[in-house]
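The first chain written gets the first letter, and so on, giving A, B, C and D; residue counts start at 1 in each chain.
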Amino acid sequence: MIIVMSPEATEQQIEAVVKKIQEYGCDANISRGVERTLIGAIGDERRINQETIDAMQGVEQSMHIVKPYKIVTREWHKENTVIDISGVPLGGNTVQVIAGPCSVETQPQMDAAAHYVKAAGCRLMRGGAFKPRTSPYAFQGKGVEGLEMFRRAADAEGLPIVTELMDVRMLETFMEWNVDVIQIGTRNMQNFDLLKEVGRVNKPVILKRGMSATISEWLMAAEYIAAGGNHNIIFCERGIRTFETAYRNVLDVTAIPVLKRETHLPVIVDPSHAGGKAWMVPALARAAVAAGADGLLVEMHPVPCDAWCDADQALSPEELQQLMRELAGVAQVIGRDI
Amino acid sequence: MIIVMSPEATEQQIEAVVKKIQEYGCDANISRGVERTLIGAIGDERRINQETIDAMQGVEQSMHIVKPYKIVTREWHKENTVIDISGVPLGGNTVQVIAGPCSVETQPQMDAAAHYVKAAGCRLMRGGAFKPRTSPYAFQGKGVEGLEMFRRAADAEGLPIVTELMDVRMLETFMEWNVDVIQIGTRNMQNFDLLKEVGRVNKPVILKRGMSATISEWLMAAEYIAAGGNHNIIFCERGIRTFETAYRNVLDVTAIPVLKRETHLPVIVDPSHAGGKAWMVPALARAAVAAGADGLLVEMHPVPCDAWCDADQALSPEELQQLMRELAGVAQVIGRDI
Amino acid sequence: MIIVMSPEATEQQIEAVVKKIQEYGCDANISRGVERTLIGAIGDERRINQETIDAMQGVEQSMHIVKPYKIVTREWHKENTVIDISGVPLGGNTVQVIAGPCSVETQPQMDAAAHYVKAAGCRLMRGGAFKPRTSPYAFQGKGVEGLEMFRRAADAEGLPIVTELMDVRMLETFMEWNVDVIQIGTRNMQNFDLLKEVGRVNKPVILKRGMSATISEWLMAAEYIAAGGNHNIIFCERGIRTFETAYRNVLDVTAIPVLKRETHLPVIVDPSHAGGKAWMVPALARAAVAAGADGLLVEMHPVPCDAWCDADQALSPEELQQLMRELAGVAQVIGRDI
Amino acid sequence: MIIVMSPEATEQQIEAVVKKIQEYGCDANISRGVERTLIGAIGDERRINQETIDAMQGVEQSMHIVKPYKIVTREWHKENTVIDISGVPLGGNTVQVIAGPCSVETQPQMDAAAHYVKAAGCRLMRGGAFKPRTSPYAFQGKGVEGLEMFRRAADAEGLPIVTELMDVRMLETFMEWNVDVIQIGTRNMQNFDLLKEVGRVNKPVILKRGMSATISEWLMAAEYIAAGGNHNIIFCERGIRTFETAYRNVLDVTAIPVLKRETHLPVIVDPSHAGGKAWMVPALARAAVAAGADGLLVEMHPVPCDAWCDADQALSPEELQQLMRELAGVAQVIGRDI
């Protein structure tokens, strides 16, 4: 940590900061410049409480040098982590497309969806049994009954399933229904109690980026899960909130190469929620794979216009098939397959 | 709801939309313009699934006319709601300042804090027993032990207490310790399961605005609580996330008059978390009261530089006293007291 | 335009709005709903001053139905516009990569740059003679001398040139040096007097998106140019400003398909300024082409680490060559070439 | 400047950075930590080209310690600068309210406006002769004829005038009409050629904050003017662009105390453009003064609903009078007058 003293800082104030750094078990390196004195804290700076330093007299600002997260960094683990999802590898050379409807509606709908997911060449299936809806008066998902329908439909096609966990009290039920990947939604990225709980189980977790979460906060949220012992974490970029109103969210493709450099964990993209319209999905999906995403989370519904939620953003089975062909071409350009 | 058809929309597509509107139990009013045809849905438009309409062929866009929330609106309840917090009114003519430390640390710290809060003329006390920390390695709060210390210190001064609930599983404990106001933090504004639960209890709830939540989403989150039967909801503006990095958040003062117009519920402001620095608090606090806030949530610590968290944003007891004097002057200008 | 009257609006207020609409030469269609009355203005709604309507008593809100821009819309001109840049087509099936250094430095630097641009297979060259620098103390560009160097270097390789115009008083000089494409920078997107002037000349214009400009404002800025008679406008997405600080800007790939749907004009992308680091450029460039961009604006410097500005974001000649190979592959997937 | 080397940086890379720092005329202080080596550049770090350092091998990141602006900082000039506007002081103990219509329309409108401005107790008048309009088809201002009307109306009441300069070619005309304060609009905050020109004249300049400009960029834009010799600069906060759509902009009150700490120059606020609705103005104006603003820029029109632009945001003469009374009360609380 670097502490910048203000030009008016007295010797006593400088000494007080040095003493405080030493109390935290670090050494201090003093550098007296023309206008300001800098104090470098040498040692494990994660032990230092930055707010306490900032509150000391004569301190102008302080800056962390070491990242506040650890297990999730590529510094800590150089190689890409490949996560085994009930036999399907995510994070390796193969780009995985996880497809399926926004929400579980009926058994026939899920059976048809599973069939089309498989037919398009996807190896993992998504679907929501518990839905985070902005309005309390909107359809809230089929709940446990939905998990059952989903499990049955996916098992028939041999597809591992991905579904969202919103309430910590449902975790046990998710384990009973053997959900293959637990999804933590964008609104819960900093629901720390939920993160701690999924950190204790032995299931891959997809951690969606908060609507306005920085890369650093996102890595930190993953560190919450990792600190509990569960290192099978998949980052999912799903669009961020900006000033633009012409589309729901802005898909942040830059996050893909940046995260791949910063962490050893897989990074996937949800082009469906990002744009919010089905016609935008192919362009965004191709862009994501071109930028290096390890996978995609794509909404597909057997009959999009009949979908109970997000009807305007689901691909039809034919559109998914067409998209898979294009993505195969893009993946090949950068030496990957699909 | 208004549905705008694209210039190329066919008669069949227009008819299909009309039929769909009627299926939702509404009437349709067709208005044929020079370039486009508009279809107005007349009746209870909350029944209409907008995404389904948007997914129909020939539809260019659709717009809700009626607000998606109801119980929280001023249309539904014209008069200001005054919430009784164990004898202290919030939302009436008196501006209430809720002061106290960021986190509960020790019994002596809480006893001293309670003493200073009371001495400054505040009638309500804040303090965190469970802390949402960005890092899993940071101090997470004293937990239940903290609630006990807080209760004891506040009772000695006759102050009702405000504290944050993060985990739905702790709600019963909050009721046992008779927490007077349950605070829902910014990261949990859309933790819908938590909102549903606090909607079922008979305790005032402070609902902090999500870091990048729109006014509409915030009102909708309050509606989740209200829909469960608990109408004692207090909105708390605490700064929003923007591109600016010179300070932690941007305090959105415009939200105060806008919310006061839109809802009958009280609106308070947290100037401490907004700016993130103690020296910014007086200016922001005065601005909030000048703009019409019904109360403030202010961090004060007996010895700020010793605080275990947010050391750089807590006021000292003397600073709080000075602030209370200024706020009394500002309140008077707009015909209120403190 | 749709005008939504408040639930309390009186008959007199409704009549006053109808009268005002008629004064603007439009017809009014009144639709009385259960909770609110809507008034539709039929005719050329661009004549209506929305602010005047919003200021009328009883009006809750009003919404435009017709877009405020015209010449630039695809509604007005269905086919893609292909712009002829001194013999090089932009906006057609071939993706054009415009490469070159951030700023013109010396004749040898420009000669070398032109050579490498050509060698990599690019057909257009970029370079800045007038530089918009955040600091008044930073290098401001070589000015007219730079234009001369640029022209000489590019002519030797037969490359049309693209360079930024900041000051309206320099337009004549740009014409004298026969600049092939005039670039309007992000900070000048709403410098309306500059837009009007370039609208009067017969040269293609690259209009960079303002740092926080909405799609609608961007189209409107282009309409300023088009209204003057110059329809040779190229949109250039270069990253938008958000809350994220891990990289300079967020490249908004969603803007590509959205603009291509909304306008007939070409859309290109500047991956260099978006990310701000050379190592991000290939991923972002591939993503842009995969999402449908008609071209790219890429910084390349003969010796990046010696560049006088933006040294950390320029590709080396070898990196540009490698990138061109990858882009050719991506273009092929969507049926284009490079 | 602090340069943080990556954990893998070699001795050679460290030496290269040290050598480069010395080339810029600074000394280097090397601090070898447990995980990383830091290099501090001691001397005038403004000479160092950060991008060049960042592009060097082994460099992880670099940070400026000294602010990039100088003349405008409070470090450079400790006391508040009070600007003399044709006899009216701005930046001292008296809060100045600059009122007037959005745009100059007719002589009678300006005469009436000047009368009401004076009657309300304001000492400066605003009005736009050249209007930056989003649409090329909207009213663009009365131009030079407007300047003449404005001058005549204001002179009759003895009011100095404030009006916006958009085009550098009109500066001479502004001098001829003896405009008392030149306003640089939000869209031109980084129109560097315009800033340079107004830096050469001897007239106070109001520099409005760019819609998404950081405090640092804003100070830097002011430095452009100051570097030319004109130190009579007034900052004007007018709301920033965020994700919120319920109001036009978010008035950033935090910017007021932050700027007052950072610069010696006056800071004023435009509550009219911030919120965009007349009914929001009083709350925002009171908040601005309560937060320490040195003045306000308020839209007032003799007959708001007849205004040619921004009809929905202008106060009526009576509303302005009422506001002045409230502001006097708020100013008094913090020891100022109006």
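Everything below uses one rule, namely that a contact is a pair of C-beta atoms (placed from the backbone, for glycine too) under 8 Å apart; a residue touches a chain by one contact, two chains touch by 3 or more.
Fair warning: this is a prediction, and the values are worked out from it, not measured in the lab.
Any chain that touches subunit C and also touches subunit D is listed here: A, B. Comparing chain pairs A-C and B-C by the number of C-beta pairs in contact, the larger count belongs to A-C. Each chain gets one centre point, the mean of its Cα atoms, and the points for subunit A and subunit B are 26 Å apart.
Separating the CA-averaged centres of subunit B and subunit C is a span of 39 Å. Per-chain CA centroids place subunit A at a distance of 31 Å from subunit C. In subunit D, the positions touching at least two other chains are 212, 241-243, 245. If you check the complex, the residues on subunit A that touch subunit C are 212, 214-216, 239-240, 242-247, 250-254, 256-258, 261, 274-275, 279-280, 283-284, 286-292, 326, 329-330, 332-334.
Those residues of subunit D that touch subunit A in the shared complex are 2, 4, 7, 29, 31, 33-36, 38, 40, 42-44, 63, 65-66, 75, 212, 241-243, 245.
Those residues of subunit C that touch subunit D in the shared complex are 46, 49, 51-52, 54-56, 68-69, 132-137, 166-169, 187-188, 190-193, 196, 211-212, 217, 220, 223-224, 227, 241, 278, 304-305, 307-313.
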